[in-house]
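Heads up, the next two complexes both have chain A, just with different partners, chain B and then chain C.
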Partner chain A sequence: MNFEYAAAPESRSVVKIDPEYGHFINGKWVNGSSHFNTINPATEEVLSRIALGTAADVDAAVKAARNTFDKSWSKLSGRERGKYLFRIARIMQERAREFAVLETLDNGKPIRESRDVDVPLSAAHFFYHAGWADKLEYAGVDTTTAPHGVVGQIIPWNFPLLMLAWKVAPALATGNTVVLKPAETTSLTALLFAQVCQQAGLPDGVVNIVTGDGSTGSAIVNHPGIDKIAFTGSTEVGKLIARAVAPTNKSLTLELGGKGANIVFGDAAIDETVEGIVNGIFFNQGHVCCAGSRLILQESIADEVLEKLKRRMDKIRVGDPLDKNTDLGAINSAEQLAKIRELTAAGEAEGAGRWSSNCALPENGFWFAPTIFTGVTQAHRIAREEIFGPVLSVLTFRTPAEAIEKANNTPFGLSAGIWSEKGSNILWATQQLRAGVIWANTFNKFDPASPFGGYKESGWGREGGRHGLSAYLKGSAK
Partner chain B sequence: MSFYGLVDGSDSSLRNYLKQLPGVDQVGAEARAAMLATRSIKTTSKAWAIDTAISMVDLTTLEGADTPGKVQALCSKAFRPDPTDLTVPHVGAVCVYNDMVGIARQHLDSIGALQLPVAAVSTAFPSGRASMAVKLQDTEDAIVAGAAEIDMVIDRGAFLSGRLIEVFEEIVAIREVCGDRAHLKVILETGELVTLDNVRKASYLAMLAGADFIKTSTGKVAPAATAPVVLVMLEAVRDFYDLTKVRIGVKPAGGIRTTKDAIKQLVLVNETAGPEWLNPSLFRIGASALLNDLLMQRMKMSDGYYASPNYVTID
Partner chain C sequence: MSGRLEVMKTYKLYINGAFPRTESGRSYEITSNKGEFLANACLASRKDLRDAVVAARAAQPGWAKATAFNRGQIMYRIAEMLEGRSDQFAQEISLQTGASAKESLQEVSDSVDLLVWYAGWSDKLPSLAGSTNPVSGPFYNFTVPEALGVVGAIAPIDKPLLGFVATVAPILVSGNTAVALASSTAPLSAISFAEVVATSDLPNGVLNILSGQQSELAPWFASHMDIDGLDISGLPIDQHGAIKEAGVENLKRISAFTKTTEPGRILAFMEAKTVWHPIGN
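Then we have the complex of A and B:
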């Protein structure tokens, strides 16, 4: 018998989207000089028009941030700063459904994930950092030094609200003021967050949000009035930023790309490992910098795992992101879809075996079926370059040492996963892997208390936990 | 003897077979079960799920206070769950204690429910603490009295102390008594096995020994049919089918009281073992209070409002 799940869409009525938005500067909405469309990637419907931030807009935002930092915010006690952060966290929880629906509309991710992951974790980041604001001297960071001052923050489109929380919460907890630019395709939850700042009574100029594209980001990076840059995005852009910032006094933290190795040993708990592989690469359509995009399987169990993985992939429900039963939503943009198609075509051209799940894709919008490539070697582009989509490259290994060698043979070093029922094996592998985040028998688990960041070309510095606090204080570790 | 060609019935072959099964990561299994519990089943799919769940209920009374009158009422209810709406399917079976089997069978026959099977709990249910001779006779009695399904319990003490072959041989012996006369459901009592690794091992042990169904619980021990336990058992029957091309059924029992609970079970089946198992011949839900909640929700779906509980018959 067939158990078809009837459509179960979350209601859009909880969100109110204005036809056009300006920038949020010094606590007020400032009209933009020109605008661009932001669309729902699942339908290509235009949701709103977003202001394209100019150098003058960025300058106004930096001046506001500087003024507030100098006159009031830097003089506030940690307890007072914490009070605002607690308020923001609570309001985010109260308006959780609104944030989740808006995030899903603007980004294309399934409502199950925005509801159960993005929004609760975002609130958790504010709660966590609210708690630190008056306890910094116990955080193991150098509190004899001051906050940087004005921090320029540029965030990506894969977790728009969550990346905002990762950036804004520690900056405010440590006493900085912020100029934030959301990603071009996903500005709406940041603009809703601006409303939350107003609702929380956050002093004007503490959080400034300037929307725009790469040119706006460049204006932030190159603005002389900014003391620190925090960027999450591609390694390519990260390198440009590092070059731009090198001759200046700006501090810099970078969270960049990855090509995470998910290593499965022969003694792994197979069913849960299959779940972990799915979660590792198909969570958020694979638009995850720490995705487990390289599956490194011990040959002795490779066939069994792949068979179970394919069966499981056929159960992945692809479609309307607002449907509560959707597992895999839309690709965020036409541009990203083109990139995924280009790399998967290269995988086929280079002779890897392609297998995609048997799912119907909607006609409008940007979609890509869950896909794996088998017979991938280190020499394939799909084993080396970040695809940032629902595409898994499968490699095999014979001995543990070979697994580690393959896992580390990448310019990236953000995440890795180890699947084994043997504790000593896990501890050994953890010590060998060159990755900033290593999960054992799980994947893509995040917590504000846990520092996140990469080795090698995956980034500089850490976000979250006590390590993340120090990135926002002068003189502490970079 | 050959048991699907996978073990030869010796202690060592059984031990080796169970040892090579992959482990279960409890955290991961719980996370998967929790994720599946978020499925939102509405409108037409809910209506379908309610009727499917009704047809899978093993309507159960297992009380010391059971009487012929109580059992007859249960049988009438099982055959016509809603006397005002004959589109409601009958349940999967009636499940009673051994001495009530004949009464149940006669009553079902007398009301025309010739196809509705009677299941008997057997082998010194629920503890299983009796001699083998008693367990065999218990089973024989039930079948002679008209039971088409035998719900036996395993010896959890033997399982936990590592005497796996004893558990195995007991199931094999009961299987022989059942022969072609009765379906055999093997109750693992997962609440006493505790770990998911044990649940997987016991599931395979029972399947190898000849179970037609593996069942979570007696209903007398809590926790009973938790979602992670049912998930692991569904994985076991799915993988066993891959090995043998034989489909073994699964019966969660105990603690499934609401329509929501039942629909969650159906989602687990659908996305784990697959739609082939969404059939009363391969999936049953052992329950008593559940049926009335399913009927209430069914009325709500057709009428648009919740009826007074007096519109649902008691049994």
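Then we have the complex of A and C:
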């Protein structure tokens, strides 16, 4: 059967992009000293020019954040603070379409995902945390109600607005002020968020946004006026930050890489499982730290699952991210595409069997077809290293103990999936897996009320839920 | 001369439920606060630490799998065993630190009471620190705290018994196993505590105790890739930065505490695990 789809592009006219942006410091737009291009990864079209934040820009932002914290924000009641967050949540909902289109243009993710996942979850995150602001004394065992002060936050490019919400909402709810740096390739929705803060009447200096690259991030990490750092990104950079922060009094939380195991037991409901595998690895082009990037199949059903998976993968529509039919959008950058190519080449060189879906890829922009590797061993690089792309490594097992052994055989510990129809087996596997988020008979679900974060080298601390709040409260245990 | 000659105790390490000497063959002299010879303690080496971690890693899944009720009972049993030997422990503390008999006895009773306090947390903290999460969708979602794994502990130099108990009890009660370094200057109380532990049904390898120098061993605790967490309450604050830096390679969870009764001491060495499952038929 051959389905033909007419193009159904979302209009980009809802969003206005300035030719150049500055930083958002102390409630005002501040010109940058130099700029770099931000492009649409689906077309390589230049969208705008983004300011490259210097140490002086970071310093100005920290001073503004400190001044506002000391003079007003820390003295505001939790109830009033919360009302600002409610306002922000509402304005994000009102401007949801604008955010969705802008996110898709800047990031390359399908509009279906930015519209149905990133933007609504971001607004929900502010709504959830708004309600915490005046209830911090109920936030947990051995938690305090005292904010750290000025929080430096560095976020990745895979969920630009959602990661901003994960960082900013709890920081503000607990009474901190913020200096945030969006990722180099995806600054635009953060800059639109600055406008939301203005519309919400958020006091100047509560949220400061400095755009830039790694050097800007480094200036934030090493700034002595910052009390806490929150970072989401690679384990490699996370460790650099942890080393820099170790000799200081700064508090630190990290959400880092993963190599999530998605275990399919012989009794799983196969068709649902295949959908779950696809969602686990191809959601957001596989640019997901908690992706189910290692499929661990029980031998008895491996052939059947792989056959159905390939058939399903051939139906994944790859192309224009603004098209409402698109399932898989563009790889975020040339750099990331090169990394995916390097690791997949290593997969072939090390002897794994490569299969990619038969889809046409656009000429311009950065694209990678949905790909699986079979015959992967635990020693292969594609089983050990995070690819951060639409590439799935498939391993097999005979006994449940072997499945757990393979799943846990990684320095990461962010997520894992279990597919089985037997409740006791699911709960048993749940207990054995060393990962912070376990999806059983589902995958890649997120919610502001649900704590998210990793074991082992996947990070420190949690984000979301009651557990996430404590990271923003001074001297609090989980 | 009349009377009998005292039979003195050889203080050794405690690894995997046994009392080996250090593999290094080294010892160091422990003296009273007046400078009198008390004992030759083992000067544990990096290799002893590694052996202890192997034992702790092997024991960890079994200890974590024991029911919270069972772990609480065993922790309480340690308190019972310690109580029965109060006088001996008090005397040993006084010899090492010069504390008065009354002060030392107080330290022992405080240690016993602290063990009882932590024992009681085993089956209560998970219900306070866990949660069911009202997510927006047809999913059952809950978060449970779990033991971190193998945790290192650098016990304080002063309060050789109470400081040691305050460091290891919260680590163990949640299902972690521990490798603990006793007070460098007054390690005898911790080594004698091993005798208490050995008669309390704590499985072999759950608590391993080393005596030696902080300056030599703390960096190896920090950089060991199979230690998941580290309590550095016993280290001088000016050394915390370097130790934290050395612990980054495996993103070790490193904490220090001042209060002895603090649920946060337990939670610092636990991980929160969140589980999702669809609801439907």
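Just so we're on the same page, the second predicted complex is superposed on the first by the 469 of 478 C-alpha atoms of A that agree within 3 Å, B and C clash if a C-alpha of one lies under 4 Å from a C-alpha of the other, contacts with A are read in each partner's own complex, and residues count from 1 in each chain.
Just so it is clear, a contact is a pair of C-beta atoms (placed from the backbone, for glycine too) under 8 Å apart; a residue touches a chain by one contact, two chains touch by 3 or more.
Everything numeric here is computed off the predicted structure, so don't read it as measured data.
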Which of chain B and chain C A:D320 touches, first, second, both or neither: neither
Partner chain(s) touched by A:E98 [first = chain B, second = chain C, both, neither]: neither
Which superposed partner A:D271 touches (first chain B, second chain C, both, neither): first
Partner chain(s) touched by A:T442 [first = chain B, second = chain C, both, neither]: both
Touched partner set for A:I426, first chain B, second chain C, both or neither: second
Which superposed partner A:D57 touches (first chain B, second chain C, both, neither): neither
First (chain B), second (chain C), both or neither touched by A:W460: second
Partner chain(s) touched by A:P411 [first = chain B, second = chain C, both, neither]: second
Chain touching more of chain A, residue-wise (chain B, chain C): C
Where chain A meets both chain C and chain B, residue numbers: 441-442
Complex contact set, residues of chain B against chain A: 22-25, 27-29, 31-32, 38-46, 48-49, 52, 232, 235, 266-267, 270-271, 275, 278-279
Contact footprint of chain A on chain C as seen in their complex: 125, 128-129, 131, 133-137, 139, 141, 143, 145, 228, 241-242, 244-245, 247-251, 253, 262-265, 267-268, 270-278
Touch list for chain A against partner chain B, complex: 1-8, 112, 116, 267-273, 275-276, 315, 324-325, 421, 441-442
Complex contacts: residues of chain A adjacent to chain C: 124, 140-142, 235, 238-239, 242-243, 246-248, 254, 256, 411, 426, 430, 435-442, 445, 447, 449-453, 455-457, 459-460, 462, 465-467, 476-478
